[in-house]
Amino acid sequence: MKQGYRRGIVHTNIQLATDVYEMKLMPHGDNNRDTSLRIEDRLGFQGNPGQFYMLRGWQLDPLLARPISICNISNGMVTFLYEVVGKGTRMMSELKAGDTLELLGPLGTGFDLELGGRLALISGGAGMAPLIYLKNRLENDMDFYCGFQSEPYYIDEIEKGVDNIYITTEDGSAGHRGFVTELFTPERYDTVITCGPTPMMKEIVKICGKHDIPVYMSMESHMACGIGTCLGCTVETTSGILRVCREGPVQLGKEVVFDD
Amino acid sequence: MIDMRIQICGVEFKNPVIAASGTFGFGRENAEYFPLSKLGGISSKGLTLNKKDGNRGTRIYETASGIMNSIGLQNPGIDGFIKDELPFMEKQDTIILANVGGSTLDEYIVSVDKLNDTNIDMIELNISCPNVKEGGMAFGIKAKTAYEVVAAVREICRKPLIVKLSPNAENMMEMAESCAKAGADGLSLVNTFNALAIDIYSRKPVFNNITAGLSGPCIKPIALRMVYEVSKAVDIPIIGLGGIMDHEDAIEFIMAGAHCIQVGTANFIEPTISMDIVDGIAKFMKDEGIKSLDEIRGVI
Amino acid sequence: MIDMRIQICGVEFKNPVIAASGTFGFGRENAEYFPLSKLGGISSKGLTLNKKDGNRGTRIYETASGIMNSIGLQNPGIDGFIKDELPFMEKQDTIILANVGGSTLDEYIVSVDKLNDTNIDMIELNISCPNVKEGGMAFGIKAKTAYEVVAAVREICRKPLIVKLSPNAENMMEMAESCAKAGADGLSLVNTFNALAIDIYSRKPVFNNITAGLSGPCIKPIALRMVYEVSKAVDIPIIGLGGIMDHEDAIEFIMAGAHCIQVGTANFIEPTISMDIVDGIAKFMKDEGIKSLDEIRGVI
Amino acid sequence: MKQGYRRGIVHTNIQLATDVYEMKLMPHGDNNRDTSLRIEDRLGFQGNPGQFYMLRGWQLDPLLARPISICNISNGMVTFLYEVVGKGTRMMSELKAGDTLELLGPLGTGFDLELGGRLALISGGAGMAPLIYLKNRLENDMDFYCGFQSEPYYIDEIEKGVDNIYITTEDGSAGHRGFVTELFTPERYDTVITCGPTPMMKEIVKICGKHDIPVYMSMESHMACGIGTCLGCTVETTSGILRVCREGPVQLGKEVVFDD
């Protein structure tokens, strides 16, 4: 049996840039004392790159939890990287060390970890989160393209273990001025992996399509349940309607039917 | 052991807690979190005669203490259900309600007829889904229209027949009486409230269908009032739902006159919540010295 | 300066924000927090012909994102209003709506007649208070009954006449059409939803009257849908309300088709909120380059 | 003009006994910088004994704020003493130093501070709060009768400046076992002032009525607005329906018509 929502304790919650935060969570002591739990649930957070947790750092307002990708797991401590875009993420940003929140996960289907060859990881903003965890778990040759609106952040973490890092900013405040899609050269890679705003990912799928290079993307969707029962998070694919929270969030780009 | 058993429409539930249609799939996902045999019953995702992909655009939107949904009855169709989902459900040792929608009288009849020969325990006739023509909400507004569809289905239905009412009905009490007269063995209420949300920056409704269905704790006080009124108006058993989040809410519905209760939106907030509500009711009965739910049903 | 003026029923409001009846008294208390001249208008606490003490027992109960109330139209009566409250209101440089309830047709008529000779700007006829017989909710359920009372009042009323609709009406669109046909100059909607709460430990309803009226952000999505539907059904101006908490909610109601909006329960959450909503609408119009609310009214 | 809800910062929030807390709040810096405010609002919390604040240590769940009496004000810092009885007070108890909350006040009509003669102050549980502030502001001869269910608390604060202190506990864990009303001898006092559970206050009004000694009581009621507009908090008196939040919370006992 999986566990329902469990408690985590904020270890650190650090602002990295305007509206961007890194939060590290420890498993709550109660879980460790509860001997009815499996040993791995007692010891720490679990999950593979591309998987996510539903987080709730509040009671019932807002009513729903929010999906956040695993950005790293180390010694049972999970790292989340998130951008404040609305009420829920704002409330997350106000949590202090020692505060508790509720988590459900790991959820969803993550990345294929057996990918061979040379990889390009392409992120837009906080979309870097699942890609960071992915690269931390892979030994492949990899380049990381990260696009920011303005000030870049988390570069130290992105750099670790990658061959080249390419930075773009929309306002030109660092690196190349413009979009990641302008820098990126698909021919050099065997597989492309991306996470970021849908228009960016759509563009990447288009570019790579021309060169027949497979693109895996981690999709965004507003979620209610996170486990596959509400059918609120669906996306149309060439093989039917899929649930982003269950069959996704990772999908082969060419199979996704983008809305217009 | 607390005895929470309850018999309605000739079916025995081990406890009064049923997972509500459309909030529990066919049980597979929640079965990863707790044994479904803990539940009184499960109502399937709304079924239509043919498979449906559901609606495009935003499907779920959060409101104050509620959600609006416009899923559009995405479902595998009756045949898909019987072939791919029912075998799993049958193994769970809990009562199975097949929730059936339709856009025409004929469709309801063909669907129910196909279910007659399966192992489902009850039909829950959905005349109240606001999100698709096929949901049948048109049938759920006027008591006279409802009478016709329920009477026609009753004629061919060989399973106990529960009719699920829409809170958008013009007159809940007349509606309930009409369905009872047409041969419903029981009623479940409420389905979602018709509601609207607007994105003021794009100046467009949030949902492609303009309106969508509101559920969750925000509707509880209204749903509870409706259950209370309907339970006074008819003699057939009632399954109460609408915003139930914990065992205290569940007890309120029972005290308002419900025989069973359903848990809907709350399943999205905590996958184990239906089981937690079963345990909470048991504890409440123990603490308050209640031997059978008959003692408190409709007690107010 | 942003121009938020709006003219309805021959009355000019300086902006579309009106404090809702029963949530703002006669303005005295909130006037300690901000100048009432900031508001488009104020609707008085519901008035009955004779003074009323209101209901006993619990009067306000909190629910998920809402409150239930059963105040029971505690008010000084029409004469008391005219003598003790109106002089203060008249000085505030804002539009005054007198909200009038009644238990019989005669009572409505005598009350309105007394108000004819005062300086109030409009009558808001409350055919929708669920908490007392005198609130007139009986008149607010069936379109035909509403027609009769509105037509009779119209005949003697020399002020612009707004009819306040109950969301418990059987059919909101028919109800609105009926009131328009009977001579209403405008409609306001919604009043509170009939709802129930039970104290499961005492096994009794929380309220002495069993049911009470639900208001607040929980009802907003339903109220907004009703405003949208009614604005399509009739040509007379509409005042929209139900759960408005901020200027974004207010804009939603305007985009759904409302001319003015009322702020109710939110006044209890923050005494300056009605003024804050005025400022928020002005800022929104500026940011979005909207010159007049006509540009966005009913835009969806 | 009065101010709407303003922010306060938790200075300390200390547990005194099972489910009883003392919270001290400082005015929020924003108020001090806002030069449109009157000087006294910028400098600190105001209010007289018997007045209260509406408090909200959360967003909109629960929707309503909660009324709490002023237990003391000193150097612009306000002290509240409260008992955890439900969701709102529980959330208050979870606030930590540095957290902010929203306050409206001071509200209501407090005690007459010109009372002459010898006073009896009689409290039940956290009802001591307004009586503590009252005695801190008076020079009269005073005795303080305080009833507790079990373990007594805050005795150091109650003692200050009173002639005698009488303690009762329902379970006999300290002082006299039983109710305050059993210890109390009305003849010795010119005026009696009480705050606590309604049955206790009703009993005191009855006892004092026999000796014709005036009783002022601080009444309880569930409140929505706190300012007099919702008419939710009313009480029946011999001179009509009064609002606890406005004409109260302090009322002359003999004028109150108690519900049964």
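The chains carry the letters A, B, C and D, assigned in the order they are written, with residues numbered from 1 in each.
Keep in mind that, in the parts below, contacts are C-beta pairs under 8 Å (C-beta built on N, C-alpha and C of every residue); 3 or more make two chains touch, one makes a residue touch a chain.
Just so it is clear, the structure is predicted and the values come from calculations on it, not from any experiment.
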item	value
Pair of chains ranked first by number of touching C-beta pairs	B-C
Approximate Å spacing (C-alpha centroids) for the pair chain B, chain D	47
Between chain A and chain B, centroid-to-centroid distance (C-alpha), Å	35
Sequence positions of chain B contacting 2 or more other chains	64-66, 216-217, 245
Two or more partner chains touched - positions in chain A	60-61
Arrangement of touching chains [line / ring / star / complete / other]	ring
Pairs of chains, among all present, that meet the touch criterion	A-B, A-D, B-C, C-D
Chain C to chain B touching residues, read off their complex	63-66, 68, 170-171, 193-198, 200-201, 203-205, 210-211, 214, 216-222, 224-225, 228, 243, 245, 248, 251-252, 255-256, 284, 288, 296, 299-300
Footprint of chain D on chain A - complex, ascending	58-61, 96
Residue numbers on chain B that touch chain A, as the complex places them	22-25, 28-30, 32-35, 45, 53-54, 56-62, 64-67, 69, 71, 74, 216-217, 245, 265, 267-273
Of all residues in chain D, those that touch chain C in their complex	1-5, 60-65, 104, 222-225, 227-234, 236, 240-241, 246, 259
